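Each in structure tokens, the structures are laid out below.
Same chain, two partners: subunit A is paired with subunit B first, then with subunit C.
Moving on to the complex of A and B:
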């Protein structure tokens, strides 16, 4: 599974994927800030955090995303089998409670969880891409080739970069809201960081 | 004389065993067993127990220490957190995604070779806490030749029918405190310990 993820995941994502490093997004953000300072422009950077990201993943959405990303039925059936057969019991000071079967969320500690989570947040990357095509979201252009950057992801951490127009903020907010309804990943509005560069 | 020698060797062996056991319980990674570190390991165990012990929880702003009540509360809390009935309401049908091609799918669903399975197992850390089945990977690696046929059979049966045998996908959640002195259940990080068969399967797919 690891071998195919880099084909589907957007360039914006840099966690757990072969050939992409931990520092890629950090370097990019730095680059953006540098560029903005150089041309004495302005930009807005918003960092958002998902509330209990792993626990709130909606299984139906995950399976839907897998179908959209072109995974074949057999493989989706495997994942469904892995999710639905799981049972959990909580250890309290070494003694387990009665077990129950979960119907949502990914288990932290399950080797599959990080990769399935990437599939889920690829949904967000898709929506952002669509907004970009339609000219709704204006990123910051960086470098010689003037590559526009609007979002960077590292697993459940997301950073939006855009030019400081109220419209962009409204678009980002509606994207996040839309993604929340679809995937159940709720943005933690208390923990978000907002940074405005002059 | 020879008996004495024999007994002494036996004693040494038992001491070593005990030290290894203590090392495993203390979960110290940077020190090896064999240098009579038992005392140190023992202290680490005590310290870990103290740190990870759940003395009680706050239920609706009331501190509760009664074991049965605490346990019931914890179970209900996590059952609620991991269950949900609702379907998806919004689909991203209009959004374009890059999809993987047929060759990728073929390689994803091709048969698992013995080598692949072995690689997945050797990729796992030997001394990580075991799941409900109680086998850590050290055991599986040590006795690979004996149990390999059974494991390969289990993996292949998953390959063909996509189902896991009952109980092989059970998991424990242990609660790791996020703060110094946790009160409510939000202040614990739930970490799952999955069974070894499931771990192997999820590593290869």
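Moving on to the complex of A and C:
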């Protein structure tokens, strides 16, 4: 799975994938901001956090995403098996409850979980790509080659970069809303931040 | 107007507004890292760590360990992106130094060893503490390496879209569009630094000749052709020519064809012939691309570690062997670190104290009361010390004349060609003896005890026994056996288990 991830995941994602590092995206954001400053442009940066990201993943959505990304049925069945076979028990006031099977969420610490999570958030990248393709979302264009950039992901840490137009904000809002409904990842409204650079 | 727009947006998204700089993945983004304010958080972080431990409860060895594993590593995350300003580097170094030498509420203490010396590798006589400035440079060099590497990545697309090619780093001039980050990397390993250590360690493998610069890059011989044939270089038309531009394919053969601005004078023709002769032996390869190689025998790829080693190399290397042996030994760390200070003559003996401006009453050695106390005297040539070393000799079954120089004294048995086990015993015993002499000396001064050679010797014996049985898992023998015949003890284990 690790071997194919770098092919299916969008370039905007930089966590848990071979050959992409944490620092890459930091340098990237830094360069973008610097560029905007130097040409005295304008941009808005919106930082989004998901509430309890791992725990609230919708399984059906995950499996649907896997099918969309071209995993074969056998694989999907395996993953379903992995998800459903797990049982958990909760400590309540110091005493463990009876074991029960969860119906959503990924187990943190599971070696497979990061990759599954990447597949889930790839859904968001997919929507953004569509919006960009249809010309609804206008990113910032950087450098002489005018490479457009609108979103960066590091696992669940997502940043939107776009030019400050009301239309963009509306689009981002609806994208997040859709993604929220589909994947049950709740966008944390308190953690949502918003910057404006001159 | 703008503020109202921001307000409207934030209401639309139901979120809070903030200003640049902000924290992204744990790093402040959008701030100017050349300002000291940028680094304040990190310095506070380090301070917090230090005050919690209160270095005084730890031995010297323990403090070195802490500095190496904790204090030097806190800043690394920031340092792998940003160049640390000199002033910040100074502050951090000061914190580390104060911690190492135990400066606390009582004020300054003597820093016995220069910080640069401590930062050398262990084999080189230092303690292997990271020199953060140099490590910073090595970390940033990685970006230049990665920019020139063939691998996809969004960050690289963006950066290259801004600056075209990683070769632009070698430009002499700064462009006003360059970001601070880019300028710093340029300064560290590009056209901005005087002695370009990065390019010096780059080699090229010939391929189809699409990337290598004929004059600038190191693809033939030991120095770039530009430096070797400066006169010819000034006369060439295409100064930035790639290898592929400097010739043509004639069927299956590659023919070099350099173009010059003018005809050669008679006296220059020899040099031209030399160059052509040198170049003619080589050919391009059609089936692969040019390849960049890092000048490191093992990896061939840039690693921060190998770069740091290259940056941190000192010129004095004659003692290498000594320290290699010294740190291989397994003794009690605090004793071993003390012995290290003895070897480099950085111990608080009377003469050393006086040299550093401390008032000492008498300078006479407290053991023999006849000579001035110096390191060589106290540990080796003093009457008491000499007797102690004699006892060691007879215990180990050796007969030798002891040298007064510290290094040779430590190494002398290596030259005698003794067995491995005997060497192990000797080295541990050496450290233990030094340690017990020093303890005795301090006890005499501060607690008024009497000199007792027998006691010192047996103390060293016990210490060595404890170290060896502890650190070498297969060495198990009783203390009485050990006192009777140490080498047989070790030889016995040696033949059985191969320690």
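Here is the rule we use: the second predicted complex is superposed on the first by the 192 of 198 C-alpha atoms of A that agree within 3 Å, B and C clash if a C-alpha of one lies under 4 Å from a C-alpha of the other, contacts with A are read in each partner's own complex, and residues count from 1 in each chain.
We adopt the following convention: a residue touches a chain if its C-beta (ideal position, glycine included) is under 8 Å from a C-beta of that chain, and two chains touch if they have at least 3 such contacts.
Please read these numbers as outputs of a predicted model, since none were measured by experiment.
In the superposition on chain A, A:34 contacts subunit C only, with no contact to subunit B. In the superposition on chain A, A:166 makes contact with subunit C only, while subunit B stays out of contact range. By the touch criterion stated above, A:147 is placed in contact with subunit C alone, subunit B being left untouched. Residues of subunit C that touch subunit A in their complex: 2, 5-6, 8-10, 12-20, 22, 24-25, 27, 29-30, 80-81, 143, 151-155, 157-164, 176-177, 179-182. Note for the complex: subunit A touches subunit B at residues 1, 3-4, 7-8, 52, 55, 58, 60-61, 64-65, 68-72, 74-75, 77-82, 85-93, 95-100, 102-105, 107-112, 122-123, 126-127, 129-130, 178, 181-182, 184. Those residues of subunit A whose C-beta lies close enough to touch subunit C in the complex are 11-12, 14, 19-20, 22-35, 38-39, 44-47, 142-147, 149, 154, 157, 159, 164, 166, 169-170, 172-173, 189-190, 192-198.
Within the complex formed with subunit A, the subunit B residues making contact are 53-54, 67, 70-72, 74-75, 78-79, 81-92, 94-101, 104-105, 107-109, 132, 158, 162-164, 166-175, 189-194, 198-199, 201-203, 205.
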